[in-house]
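So, here come the structures, one by one.
Paired with chain B in one complex and with chain C in the other, chain A is shared by the two complexes that follow.
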Partner chain A sequence: MTEKQVLLAVLFSSATAVLAAWLPPPRWQPRLIAAVGAALLLLLSPLSACLLGVGAGLSYLLHRRTGNSRAALVAAVVVIAATLISFMLAAAPAAKGIGGHVVLPFGLAFYALRLIHYQFEGYKGNLRGHSFDEYLGYLFMPSLLSTGPIHRFDEYLRDLRRKRWDPALFSAGCARVLYGLVKIVVLGNYLLAEVLPAQFEALAGAGIGHFYSDALQFWLKLYILFSGYSDVAVGFAALAGFRVRENFDQPFIARNISDFWQRWHRSLSSWCRDYVFTPVLSLTRSQGAAVVSSMVVLGLWHELSLRYVLWGAYHGAGIVIFRAFDARYGASLDALTGVTAALWRTLATALTLHFVLFSFYVTTAVQHWLTGG
Partner chain B sequence: MAQTSAKVTAAACYQSIANRGLVAQPWLVTESGTVTFGQLRARIDAVTALLQGQGIAVGDRVVIATRDDAEAAQLFIALICNGVTAVNLDPDAGPDRAQSLIAKATPRLIIIDRDLLARWPGVRAAGPVVEIVPAARSTGVFGKLMTQKPKREGLHALLEHQTPQAPPADIDPETLAYILFTSGTTDQPKGVSISHRALFAHLATLSRRYNYTPTSRILNTLMLSHADGMIQGPVIAFFNAIPVYRPLRFEVTTINLLLDSIYQLRITHLIAVPTMLSLILRLGLDQRDAFQGGDFKLLVSCGAQLEPKLWEDFERTFQVPLVNVYGLTETVVGGVFSGPDAMSREPGSIGVPEDCELRLADRDGKTVADGEHGELLMRGELLMSGYFDAPQMTAEVLNEGWFRTGDIARRDEAGRFWITGRAKNIIIRGGYNIHPEEITEVLQRHPAVTEAVTLGVKDLDWGETVVAVVAADAAVSDTELLTHCAANLEPRKVPSRIQRVAALPRGRSGKVVLEQVRALLAQAPSARAEANGPSADDSERLLKLAASCFKTSVDTITLASRPRDVPGWDSLAHLELVCALEKEFDLRLSSRDIMSLDRLDKALGLIQKT
Partner chain C sequence: MYTLLCAHLPRPLVHALYAVWYAALLLLVYYFFDRQPAGFYYMHR
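Now for the complex of A and B:
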């Protein structure tokens, strides 16, 4: 299937799921939403449909049977992570990194994280009573299958229990889907892919300018496409009556690298905070270890490679350094007023943006240096 | 036209639900189904015909005793529309009490659940009986297809055969609308008699004060055998032609569902007692946005004193405007309001009277000077006509149009009233009034008990709990005494605790000295009532600690705060908080504790666990 066909299948099934969310009696709604999602998965990747089906059944049973046992949590996380890793290893030769075509079973990267989330929240005792149907509706919601956001089960369940016809939410959902489609089709796939590269080329010239324009184009396109897909996903969820967490919040105006990660792919970074950072912190009581390990996991989730280990560590180090800096100078910088404050804010934003823009160059250089290439 | 200044009567309300396009609109939604205004009207017409057929006329009394809320509410309104006095009994009442109340009411008809009739065998002697028999439900698709329409029995069969008739268009306003028996002893039941005048005048007051409009939607889960449940529920919904929802029984386990319902059903007004608010505040924090669905207008707190701290915490946490209503069964439900407007709102005070007058009097009935304490007297259209068939009891509280509330109050410079004490002996547990003599009476009936006295003890969740102090044969266990109480009293009146003494302290006149009993209780080792909530001290220490970790001021955080509400609660501060907690409270948190700590009240739980 071409990318366009996949997009069309996702759009079609998402629209069908909206009908499933409103037309049948409430008892049937989660069931039918799940059925539509399962049909989409079967069409795109029967293997993935089986994986998610088995994962859903096992995790639900485990939660039911063992409640909040620590051994069950560890076992579940190991099994889910091992499955994800083995598929990533198998896919590795074809992978070209972030934005490239990682050939994983469709949606696996996202639903693996949802399964882990569910198990963790069960362990923490945070899950309200729910049925298997409701859980399936959560895991198989079609618009969220392919690119997230990694929404949370408790929020989904609350929306399901509070479901009511809400014209404002519905119209916001419509607008959001259109907005996302414009981002993907017009901005991402036409302007940034067809028109602007030549302009950038002409402007940048050779040398450092070339590097600069490449990095800028790469991040811009990544942002436009990814946030566009998120808009579509969030929009369709809203049409079905669900308020899904936002994935992006103007990441390029972040004032520091910690702030950036609270604005970029937020559902992933908050997942890492809750299920890597906090557990590591609670076990080691070390801030640095927790930050670096969660950023490394965040990096490795994109691709299993030395490059991404380094990339994660780069961001982790950035956050640790920023924290130390902030502890020392934060208060006095916050106290600045007037022109100096504006200057400092501009400088901080520019610094953060460039830290992100050059992250791949730096980590690739380090990788070459390490491997002697 | 419920909101106009012209007097609205039962007949006018009946007309307005009959005329408007309300036939298919819900009036009362319960767990078991929806009653529309059309159905309510049809029921009123059928009951009218039934009453006329039985020769029951204006001013006669009819007893209702049923566990079916929809049934009780429909009958109550149908009787009122006919000028027949409704006597709605609490189905949880013990047989002795129930039978004595029914005998006191001298009803022309008793409409009662079949199984209640079996529990209260003496009822048949008090008057003609019509049974309420639940219709047999066929189950499953096949069951529904194969069986014919279920055969009706009892009340429903009777109503089916009536030729519908409109109720009378004119009822004397002094006719009694209903009699509500409040807690009291068996030989002196207190039947609060409310006239049409009082009821409809007060419904107009409440509707104006709460700003009920045709788009309002009430949620009220309080018991229909009490005024706050019935009058502030189905009756005021009928008065305003708006729906009232009773989607569930309020329990600790249904708090989440209740909050879901408020959002999902687009509720505009929630009627609640302080105990509910306290439990919601403690257990409903995951759903703090439940009132933010765009529809909610007003939270009505009634039934008991709302502690200022609970009041403010609830308003701040759930971001809802709140009105506190002060009143008694004898004043329909209210009369004195605090909030939501800035002038009358003052947490802890009962606010200012509306459509009635207040006066503070000393023992001799003379008005006290401003700022002094005195017994609170009320005057206005909302007052009861008296206690049913008890002229002496009535004379004790009603004098020259003034009603003695039995509460001690003072008035502040702004004109707001504050309850400062109680002159009458009453326990208010979770919003329900309990006369301690009623429990004492039941205890004294037990052969092993030589003497007993009952009193209320302050409690964080319930306001007060019931404690019985008993001198009894040591061979009889507390459990046995409690079982005896449970068999003869409504569940909420059963003491939470029994304290044994050798003898009760008595004064020279032979009367039990309550102050000395209280002192005895305070010394008793099992003063459990206070231990059921977080101590104020721990919460304060915790909030201070958290504020310093999050680099913010204490007033910006509450026990309900979550990381996303507090800018300073990032992962670094989280670790700081954990370490500070361990040091301050001398505990060791497990990794699960640290991970689950996503709200400050959970930290409080961890502190109290150790």
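Now for the complex of A and C:
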């Protein structure tokens, strides 16, 4: 299937899930939402449908039978992570465009995180009583299957049970889907892919300008496309009566790297905070180790490679350094007023933006230095 | 934006403006939809 056909299939199934969320009697709604999501997965990747089906059944059984057993949690997390890692390793050559034909099963990277979230919350005793149908509706919701945001089960269950027709939410959902499509189709796939590269080239020239141009184009395209897909997902969820976590909040105006990660792919960074940072912190009692390990996991989730280990460590180190700086100078900088405060804010935003823009250049250079490449 | 517009313009006019805006966006999406997406493997996996 081409990417356009995939997008069309996701849009069609998401729209069908909206009907499934409102037309049938309430107890049928999660079942039908799950059926639409399962049909989408069967169409795009039958292997993925089987994986998610088996994962859903096993995780639900494990939660029901073992409750808050630590051994069961560890076993579940190991099995889910090992499944994701083995598929990522098999799909790595195709993803890098260097041969191989295995691709990552559609949506696996996202639903693996949802399955781990469910196991952790079950272990902590935070899951309200629910049926298997409700759980399936959560895992298989079509608009959230492929690109996130990584929705939380308790929020989904709250919305499912309190669902009332809300014209304001419905109209906001319509607008959101439309804005998302404009970002993907017009801004991302036309302006940034076809029109602007030539303008950027002409403006950039050679040398440092070329680096700037490449980094800016990469991050802009990533932001526009990813936030567009998130808008469509959040919009369709709103049409179905679900308020889903936001993924982005103007990330390029962040004033420090910690702030950046609270604005960029927020559902993933909050997942890492809850299920990597907090456990590592409770084990090691070291903020630095917890931050770096959660950023390394965040990096490895994107790609299993040395480059992404370094990229995660780079961002983790950035956050640790910022926190040390903030502990020492934060209070005096916050006390600044007038022009000095405005200048400091501008400088801090520019520094953060550059730290992010050049993250791949820096980590690729370190990787080459380490491997002698 | 909606509240701001309603404070200065009659509500039916605001609704008409919104309808035109959304229709224009829909047309844009329809016009450009045939282009092949930029191949972002990262986006749906």
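Note that the second predicted complex is superposed on the first by the 367 of 373 C-alpha atoms of A that agree within 3 Å, B and C clash if a C-alpha of one lies under 4 Å from a C-alpha of the other, contacts with A are read in each partner's own complex, and residues count from 1 in each chain.
One rule holds in what follows: contacts are C-beta pairs under 8 Å (C-beta built on N, C-alpha and C of every residue); 3 or more make two chains touch, one makes a residue touch a chain.
All values reported here derive from a predicted model rather than from experimental measurement.
Participant: Where does A:R323 make contact in the superposed view: on chain B (first), on chain C (second), on both, or on neither?
Facilitator: first
Participant: Using the superposition on chain A described above, determine whether A:N189 touches chain B (first), chain C (second), both, or neither.
Facilitator: Touch status of A:N189: second partner only.
Participant: Which holds for A:L7: it touches chain B only (first), chain C only (second), both, or neither?
Facilitator: The second partner, chain C, only.
Participant: Name the contact category of A:L216: first (chain B only), second (chain C only), both, or neither.
Facilitator: neither
Participant: So, does A:L225 touch the first partner chain B, the second partner chain C, both, or neither?
Facilitator: In the superposition, A:L225 touches chain C alone.
Participant: Tell me which partner A:T147 touches in the superposition: chain B (first), chain C (second), both or neither.
Facilitator: In the superposition, A:T147 contacts chain C only.
Participant: Please indicate which partner A:A81 is in contact with in the superposed arrangement: first for chain B, second for chain C, both, or neither.
Facilitator: A:A81 sits against neither chain B nor chain C.
Participant: Chain A residues in contact: does chain B have more, or chain C?
Facilitator: Of chain B and chain C, more residues of chain A lie in contact with C.
Participant: Once chain A of both complexes is superposed, is A:G125 in touch with chain B (first), chain C (second), both, or neither?
Facilitator: First partner only.
Participant: Touching A:P279, do we find chain B (first), chain C (second), both, or neither?
Facilitator: first
Participant: Intersection of chain A residues contacting chain B with those contacting chain C?
Facilitator: In the superposed arrangement, which is not itself an observed complex, chain A uses no residue for both chain B and chain C.
Participant: Contact residues on chain A for chain C in the complex?
Facilitator: 2-4, 6-7, 10, 95, 103-104, 106-110, 146-147, 174-175, 178-179, 181-182, 184-186, 188-190, 192-194, 221-222, 225-226, 229, 302
Participant: Where on chain C does chain A make contact in their complex?
Facilitator: So the residues of chain C touching chain A come out as 22, 25-26, 28-29, 32-45.
Participant: Considering the complex alone, what residue numbers of chain B touch chain A?
Facilitator: So the residues of chain B touching chain A come out as 256-257, 260, 263-266, 286-287, 290, 293-294, 570-572, 574-575, 578-579, 589-596.
Participant: Residues of chain A touching chain B in their complex?
Facilitator: 68, 70, 120, 123-126, 128, 154, 158, 161-164, 168, 258, 273-274, 277-279, 281-283, 285, 287, 290-291, 323
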